[in-house]
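First up is the structure itself, then whatever we jot down about it.
Each chain gets a letter, A, B, C and D, in the order it is written, and its residues are counted from 1.
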Amino acid sequence: MSSPYPRYSWPEGRSSAFAFSVDVDAESPYLWGLPEGTPPLLGQMEQRLFGPRTGIWRLLDLLNRYGIKGSFFVPGLVAQNHPALLPAIAEAGHEIGLHGYFHEIVADTPTAEFVRALDASLALFKAQAGVVPRGFRSPAWEMTPEMLAELAARGLYDSSLMGFDHPYTIDGVTEVPVQWAVDDAIYFKFTGGGADRWHPAAQNGVLDAWLDEWTVLAREGGLLMLTVHDWISGRAGRIRMLERLLDAITATPGVWLATVGEIAAHHAASPNREHFVTRSQPPLPSAPRRFKAGH
Amino acid sequence: MSSPYPRYSWPEGRSSAFAFSVDVDAESPYLWGLPEGTPPLLGQMEQRLFGPRTGIWRLLDLLNRYGIKGSFFVPGLVAQNHPALLPAIAEAGHEIGLHGYFHEIVADTPTAEFVRALDASLALFKAQAGVVPRGFRSPAWEMTPEMLAELAARGLYDSSLMGFDHPYTIDGVTEVPVQWAVDDAIYFKFTGGGADRWHPAAQNGVLDAWLDEWTVLAREGGLLMLTVHDWISGRAGRIRMLERLLDAITATPGVWLATVGEIAAHHAASPNREHFVTRSQPPLPSAPRRFKAGH
Amino acid sequence: MSSPYPRYSWPEGRSSAFAFSVDVDAESPYLWGLPEGTPPLLGQMEQRLFGPRTGIWRLLDLLNRYGIKGSFFVPGLVAQNHPALLPAIAEAGHEIGLHGYFHEIVADTPTAEFVRALDASLALFKAQAGVVPRGFRSPAWEMTPEMLAELAARGLYDSSLMGFDHPYTIDGVTEVPVQWAVDDAIYFKFTGGGADRWHPAAQNGVLDAWLDEWTVLAREGGLLMLTVHDWISGRAGRIRMLERLLDAITATPGVWLATVGEIAAHHAASPNREHFVTRSQPPLPSAPRRFKAGH
Amino acid sequence: MSSPYPRYSWPEGRSSAFAFSVDVDAESPYLWGLPEGTPPLLGQMEQRLFGPRTGIWRLLDLLNRYGIKGSFFVPGLVAQNHPALLPAIAEAGHEIGLHGYFHEIVADTPTAEFVRALDASLALFKAQAGVVPRGFRSPAWEMTPEMLAELAARGLYDSSLMGFDHPYTIDGVTEVPVQWAVDDAIYFKFTGGGADRWHPAAQNGVLDAWLDEWTVLAREGGLLMLTVHDWISGRAGRIRMLERLLDAITATPGVWLATVGEIAAHHAASPNREHFVTRSQPPLPSAPRRFKAGH
């Protein structure tokens, strides 16, 4: 009756883990998806530029106040457009990871283009800040077996999938999983112009759900991977929400506050890498999916 | 002025009932609905495989801690892909019920295909775990008169409709009703990729509504049929929510904690089967639905 | 700087008013909107038949416990299909009002058809329960100047518009206004099958908003017109929510608990009928709506 | 590691600012967007006319009770249709600003038409109430570089963009920024007829988020620009919500309660105008947005 998997093991007597990750999207997803012939509207651009102007600095200040090292996944274009960002993030001791160049959406991007985006970002990050990223987070959190193979060939970890709530190994790649339920964008992103599908969620309700998630993960030895965005959670009200979350997490006995890269390195060097191993299972169009009637 | 129906009667001095049901969908609804030519994306597959890997074991542990026997409705494909599930569920003393083979959506499935899915599941469950299911729950909770007739011919109960909030008899079949308002998926399912229509609900707000539902059902002698899913409520935060719900329900005087099958058997053997009887009323396309003007 | 309107005056020293109205829709809106060729699915039919089977009796019991007379607006088809309803409602001393025959949606219904629905409902209600309704509530709360003229010709009040939050006179017809924000259906209706646009709202959040609405209406002398539906608010959890609302409202000093018909009669016989008078203002397609550039 | 921008400076020892702005839309957005051939339906018209009849007076009373001067942005058509509004607003000492003539949606409006709407509104406001507006708020909060140039040519401030959470200068125009998260319409607008995409939010959850926003803005020296609408926040329940918000804000030490025009004038006359300067960055269709594979 019990799970076929053991409890996940954390380093040196730690019993659970927390990672604070930032997807520094700024204007990149908007530009990627913009239809040809869009008029020169400023509304969403200004909303998103709030991130590099104000939001990212509030998040850096927040992490500094709590003594947490975060992991910042930055599209190449955002680093290129805002050259002060990477040096400031690196100087404060945080991790910098890959996040596509133009925030390429996976379903619309051939593997060869994905590879060029990866290599262009690596070159830019090296040139701008002397940084050699060790990990990748997919724009919009999608992935293919071919992309996993490219990460494996470069020795990069991945942080884009949701198959466990602690690290695991998929196709030989270390996966430090994310989860929609602890992402800020799905609750709070609102850009106007008629494209939104819901209003911003009541943030205290979201916070309560995040605290419940943490209560059980801390008890069962899991990882809470929080993900926030510069232009969304850099807004004033969300900073207050994050303070309340960090108050609770940093007060938890046994929690390991670590970057995504540190967690990936722990996984790859621990017995966990033998216990939590999967192969990717893309849906097969040739698989039978119906009983045909009358046969 | 009073209702034409009597109060529902429960066995041996019990005054209300609670059933914990799990629709073990895992990857099956995603594969059923997948358009031809979908690229080999891993995102939703990994999200759903969290259910068989982690979620289902957390739910089994939860039920064990509260001493509750649950009812697990399993599509044939899920049992086939994850052969450890049925034996583990059966060994722990829970009920196993039918839920289609490929999670067939009723409006898209001819009756003959529905019948083949039913019989293939029965054969598989027998072979895998020696289990002979006594009941059926429709994928996505839809039903036709023809399907009810097939269930009647096999002596199976149904648990897919919402015509009362305690058991009833429809077309001679025992119906143990569900209700959208106490289903986890409508509030919390979120898969990304642009297809979601709302963000996950604030779970404390949902919990409060469930507790209110229980307060009045316990008072009026009804049945609370909770339905959760392996890959949704097996997530850490939802386990905490369910603990709070079960704390309240198990502390209620007079509550009957029972499987759906036990409740169906009680209904069929009690005077209730004479008092709560309906015939299915499918909408008739030939019925008059307008006054034509000018006649 | 102050409003051009005086404070609304209530009878005999009352300072505010509350009306509990029920739109007894049951299966009628579903049948009205059903596309030709729909398969014989039972799901939504059973959900809606919960109303006549259980929900309406719970609402009648609730009103009886609080000593409130309600106003029940019933489509002709619902009275025809469930002949026990009107006599039970009338026997308990509640008001019965008109609500279309097939729950005709206004934008799709010529005035002549609307008139036939009105007259057929009047004849049926008279025959079933000896009832002569004094008021009309439009299905889905839409209205045209032509429909107002038909109501005026029959001496009926209307309860479908939202131009004030106390009664007023529009085109000579007494209007006892509704409001979306205090309607249950917009928050809680959920029927499944893929057509829903949001999940059921957290009901305690809705209750708090209703109590805030009441606080200010009671203070400023307005009318809270609550509207609920048999198959939605007859569900167990919603009964608990309504109990909390009625606890607060019935404890408010100076509140007039009245039927919609009593409120309409008060309006028509009081000085209010001179102070709150409007003409309908349908949007005019011929009105200028743009400045043309370059002229 | 710290932000490239200094803390925003407020006048005379004030440490943060709050502005209460009202977009007095009434019926204008509905008429702007109405398709040709719409039947003469009254529902939404009456909902929106609640604003000029009742809502706007409740908001004026609220501001009077709290001793706050607000900023009212009024489409020309609304002033024309309801000639009592501008004189009443001006007499109470509030600011009156521009908001288009027909509530022109930017993406559908050539610059020349925008200019004619601006000038027609200026002429009307002068004639009706002797008012010469100093600022502009775009309908639906969108903007183009051409429109900014027209505002600059007239010496008007803008209040339509979201690039900071305190005033800034863009293309030489003083921008007093708005923010979706502190706008009432995105949470509470609900008009029926099948076009709504979400139900009204639970207002206490929204209030809590607004209070969190204020907590951090007050601490960090920002501006909270609240925006409400006559026909939405003039409803009774929302008045109670606003009272709670104003209770907290007016009790905050160091807060500057000011009109948008006063804040714009402060910005233009302070060192802030040198520190917070940007150029508009419309998305460029010719910009590279992809790596092409295979080159």
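Everything below uses one rule, namely that a contact is a pair of C-beta atoms (placed from the backbone, for glycine too) under 8 Å apart; a residue touches a chain by one contact, two chains touch by 3 or more.
From a predicted model like this one, the values you see are computed outputs, not experimental measurements.
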Chain located farthest away, centre of chain C as origin (C-alpha): A
Angle of rotation relating chain C to chain D [CA atoms, steps of 5 degrees]: 90
Same-site or different-site touching of chain A by its copy chain B, using the half cut: different
Between chain B and chain A, distance of the C-alpha-averaged centres to the nearest whole Å: 34
Rounded Å distance, chain B centre to chain D centre (Cα mean): 48
Interface hub residues of chain C, defined as touching at least two other chains: 197-198, 201-202, 204-205
Residue ranges of chain C touching chain D (in the complex, touch as defined): 1-5, 106-107, 140-146, 148, 160-165, 170, 179-181, 186-187, 197-198, 201-202, 204-206, 208-210, 212-217, 220, 222, 278, 280-283, 285, 287, 289-294
Partner chain B, residues of chain C touching it in the complex: 27, 30-32, 34, 36-43, 45-47, 49-50, 53-54, 57-58, 60-61, 64, 84, 88, 91-92, 101-102, 104, 110-113, 116-117, 120, 188, 190-193, 196-205, 235-241
